[in-house]
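The structure under discussion is supplied below as structure tokens; questions concerning it will follow.
Chain naming follows the written order as A, B, C, D and E, and within any one chain the residues start at number 1.
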């Protein structure tokens, strides 16, 4: 209760509720999964800081309608989980506190952050959140099928170095295994297409957002990226009609070679790979998206902790700083979920490097690129671009049209902003 | 050939169609039930596992193990019951007014109420949220209940039902010296019990399953309703790793309503015979 | 009646009217006001008159969503009505079996939209879904219900029909029980065949129920939201984006409060027009009068 | 003087239903409102009860103007055509409801209800619900509900019309006995004339928005004020036929269309000049044993057991109704001789006004 | 021979409704089913129509066994109590519906409907919907719907019970005329005995799952088979009183409970030993001008216009009903002398069987 003499912090997060399993757990090392680790961490913080108590409010993913509502009702929480792409929306309306004072009190320097996360939380040279991880697309690979397709070298899967190579390997894969090279979640998942388009346009050095009001998609680069993915579909080198759950099931059941999806699936797949008798047993590898042309960059996002603006006591501010410090110290624990760390130091932490596959995917923390901080409505933009690109990839719309419409829709959206 | 010319006997084809239909209706539900009895792990990537043992109650254990679940269940019950009671009261009062009493602008006001049938709730949810913020009603029971009280269909339903009650009853009661209020309470209300039960079930159903309003109005976990709370418990947004758990939640959340339906089934059919149709 | 007694009636309707006006009409009007502004969720905004409406009518996404909404309504309401009617006809009998089967056909109605879409995802998904498996076992290529522009609305329609067949069925059952038995007997003596009995006796007697069902379902389906949001996220390529999903995305996804409000008002007017047209067409407008025994 | 109605006027929208109706009831008088459907009987009753408001006029009950009072305070009780029992209340509750509203003490309510139940012989039904009662029992409950309130005026709107023939007869007798026991005036609406004739002290005949006649049953039957009353009251109806007054004597002698001359007992003075109608009740037109004044062709024979009714047509095509004994041998199509009891004949002027023999 | 029912049995669940009922109708005969509510009249009618299945027994119509046929093919037409007109069809469509189902050519349908409409005088109503018709008009449409099908047998279930008194009387006459015009047998269910007496060639009296008597109206009235028929037929009902047979002469002389001795015309032979009941119709018990055999205390006087009914009780408390003239001076509470027309008295044995004077 609020009258226990403690400083209360009201924290709101997604990641689910698992009080049944981890209600009293403070041993972070023993916790598993996003929910378990997060719950244990917060329990641990409460245990280590007897004068502070964090009241946790678990909300349904992603929680923005509620946060918006809370802000509108002038009752926002003190700490909130937020995807980095969303920060600009709230920050630009002055709804978030810049967190430099807290970082300072917690003895955290922005230079401790990985490049990808630092970029993601910085808007107009102000830092609006404590980054917590980087997540982005990975090529989750079924090495058994790759072996069958003759695409294993030295125990490592062979990934393409160019677009043409990808197509070639894919055809070879398909020929030898009779299964699709790519498992794609094209249905009800605009993020998939958006990630592809953003990543490979960035790779060619395209400036997606020349300013806060415009997107540039209908360019030759955009066109060639879209053409490439359309070819994959035209040649039936990937699955066509799967949504996310179907794609996950397909990959777990060994129905295809590569499932490009997020870091957050790593834990699940790894578990499959270590369970004898499962199709994926001992046949799992994972890498960032390969470079197909241009530079080796990848569009990423990340989880962060933000502090909505509201009146707070000094004790509360201090408690928030202590929470930041605590979370920074435990960033490694979070990486056990499969996400990449937000702090450079963890990348070099032997504990981290000894986690399965982490060596392979850690480049993502360096090559990752969020959208520029000045771009607002990144979620909505991702939705629009994803929808239009998916239509282009699957041939439902001519590529030009889809690119132009995506651009128009995004520009209209941005243009309407004050 | 004989008597029951009315309820045309089902032909063999009719029986087959009905059976197939019933199977189609019920198999997804049974499937959901089976899923709820499987451990999450065994379902990953293989929802077909639902058809084979072993079965387990661990998902239900997880629901009950979460200390908040009971609180959410209680909230849901409180909110749904209050909403239902409120709708019944308001709709009955208004229904009686529209069905029986003469007052200025009666027809206009009735049409005004009917207009409400056409308002999509998503269309007003933001202004509604603002309104409740001004009134400091968020994260409170009134905040959760009040929007549910606006039930133009309920008024429409009660009005038609009450119009079907013989007017002589009102008149007899008037001669018995009963006030308007007394007539409403002692004579008309008891006669609308079937209609009340129907409206009750449908209001309860709607309130119980409502998602968006509690989502943005109840932002504190202790004020969550079951739907919101269960959604928040979801560990994975793609709804894959917790399939069994999810289905257990669905079953858990549906059981109360289904019980309510079974209890009132007879009343419902009778009630609709009274209203709606005339 | 004296003046005071005339106003007494107002007292009975006043509580509802108050709540109704405050919680539904006021927000609706406020939405109307907001629709004249370019305004975000936060921040001041400024008056732009009918700018939002102009933009709306030039917005192909909104137009598409309206067309989708109409199409899906058309795909749902007639079959739903027919199925519900057929079920009611088949189940309009006493006995435990009939009650049990009625329970089965009503049971889906107790589920929330979240669960319904979750279940139907597993039915419709071509690779892992139930239908897909059946198709495959018959040696056919599974239909990509959720990713084909032409199949996605029918898929939503099927889901919705499955979900909402219970209530109209109950309404029809009630309607059937209102038809006097002796009319059927008269028809039997008139040598009416089963079809004639149905088309010339049952159907005309159910006219009111039929209209009520069609009216309520039309209004409900024009407001379809959850199915489209959760099953397909409006895709592919917007082919299943309904009008309410559009306004929801505008409001919660893009924070375009004014624009979303304008869309809401347009949708409201459309639904109102459709509903009231149906209502007037059936002469339901008569309120009160001398309600004699019935 | 119990009830007094003064110049009641009522229209529903544009259609007038009652036109300047005035009426006075004596204390403990039993009045029947008789008239065809739609003649405004129920409306007038409902105005008295306060269920309808008159457009103009006043209603006084025992010296108090009551048309300004709400129905419950007028001291009237009503028995409805469909009884309008509260279906969800037991018989006892039905009867007690009005008393409870009037805040009569509980003990007194019980006494009143039990008394009424005893009088109506429904004591053993007190705990039942209306749908567990037969038609006749319901009726008695409806009456009981009225009685317990000890009203100054009972209003009954077609209380018997829902009963089958046998029950109707029994209940009619019961109503007549009830009447002896309660200390109140009664108004009963009916369009069954036998009911009105049997029960009422006086009958008010309605037609066409107006009161046609107010008189005792015997007077209504034997001295109908006009052709409407003459034809409406009496079953089978009085036969009417045009007649010409023949010029002789102090009482009118008339000639029918077929040439038959009838010597009536109606005084000549006051009678209109020449064209009149003659009215003959069936019981005054009998099948003659032998040749007689006039003959009719038989169209239909109704055998009612104790007597038979012969529907026939005179030579000029006018229809006439006659009576014969229960065991009549008359056959359809036959020509039968008729004797007309001219003493009992009635005459009606061109405006319909009735002229009768001198009152006894 | 038109219709023949052979040993019809019917029970609803455990409650038997008809018990071995047999009956034969002549061609073009008009039969009335008369009996109290719940005696199975409608059920039998519905079995004939095919709307209900008998548990046992056969139904033959004009030499064809029809109980195996569906209702529409039996050649019978029915007029329902509530008419059961199709509310959404015009009068014309209502009448044409059955013909259309029988695939009668359109032109012929029109002729048939127009003809029937002419006969029933509803030509100007043909385009109206049932709810725009008055009760009497609806009734005629219902009859019209039956007529057009030219059935071999008409079934009418209480066709008049929904009409008000005046209309009932008129429609009764119409029915009687209709009867002359159609070439079919008719069965009419009623519990109004006046209706049955007036219209039927023969009456079938039902009670307690069985046929009590089948006879002409006059016979039913004057020679009731048992006490049930005796009391059920005739209005007001026959008075019954226990009596002892005094031992002399070929015709029975009986003594009532109050000592009155009545000389009947009932032959002694066949009569049970001693204890009987005497049955007296009101018209055979008249108020005497002077001192007389017996006296009764007056309980109620019903003035019916042309005659009055006196409800009284004899000295031993037995009730008796007597008749007097329309202008009777008898008052309630008075003791009046009564003359009993012993010639017309009926006697009933302990099992209820009736004994009557020799048939004329």
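Basically, a residue touches a chain if its C-beta (ideal position, glycine included) is under 8 Å from a C-beta of that chain, and two chains touch if they have at least 3 such contacts.
Just so it is clear, the structure is predicted and the values come from calculations on it, not from any experiment.
Peer 1: Leaving subunit D out, group the remaining chains by who still touches whom.
Peer 2: one piece
Peer 1: Does B-D or A-C have the larger number of C-beta pairs in contact?
Peer 2: More contacting C-beta pairs are found at A-C.
Peer 1: Based on mean C-alpha positions, I'd like to know which chain lies farthest from subunit D.
Peer 2: A
Peer 1: Between subunit A and subunit B, what is the separation of their C-alpha centroids in Å?
Peer 2: 38
Peer 1: Please report how many Å separate the Cα centroid of subunit C from that of subunit D, as a whole number.
Peer 2: Between these chains, centre-to-centre, one finds 57 Å.
Peer 1: Taking the mean of the C-alpha atoms as each chain's centre, how many Å separate subunit A from subunit E?
Peer 2: Chain centres of subunit A and subunit E, defined by C-alpha means, are spaced 92 Å apart.
Peer 1: Can you list the residues of subunit C that touch 2 or more other chains?
Peer 2: 1, 41, 128, 185, 187-188, 293
Peer 1: Which subunit A residues touch at least two other chains?
Peer 2: Answer for subunit A, listing residues that touch two or more other chains: 65, 68, 72, 245, 249-250.
Peer 1: Which subunit E residues sit where two or more other chains touch them?
Peer 2: 46, 50-51, 70-71
Peer 1: Name, in rising order, each residue of subunit C that touches subunit A in their complex.
Peer 2: 38, 40-43, 45, 55, 59-61, 121, 125-129, 142, 144, 146-149, 231-239, 249, 252-256, 259
Peer 1: In the complex, go through subunit E and note every residue touching subunit D.
Peer 2: Those residues of subunit E that touch subunit D are 36-37, 161, 164-166, 169, 173, 176-177, 191-194, 197-198, 217-218, 221-222, 232-236, 281-283, 300, 302-306, 311, 326-327, 332.
Peer 1: Would you mind writing out the residues of subunit A in touch with subunit B in their complex?
Peer 2: By the definition above, subunit A touches subunit B via 12, 14-21, 23, 33-35, 56-62, 65-66, 68-70, 72-75, 244-245, 248-253, 264, 268, 272.
Peer 1: Please name which positions on subunit C make contact with subunit B in the complex.
Peer 2: Those in contact with subunit B are residues 1, 5-13, 15-17, 19-20, 22-28, 30-31, 34, 41, 87, 89-93, 99, 101-115, 118-120, 122-123, 128, 130, 162, 165, 167, 170-171, 173-175, 177-179, 181, 184-185, 187-188, 194, 197-198, 208-209, 212, 216, 219, 222-223, 225-226, 244, 247-248, 251, 257, 260-261, 264-265, 267-268, 271-272, 274-276, 279, 285, 287-288, 290-294.
Peer 1: Note which residues of subunit E are touching subunit C in the complex, please.
Peer 2: 46, 49-51, 70-73, 76-78, 80-82, 84-89, 97-98, 101-102, 145, 149
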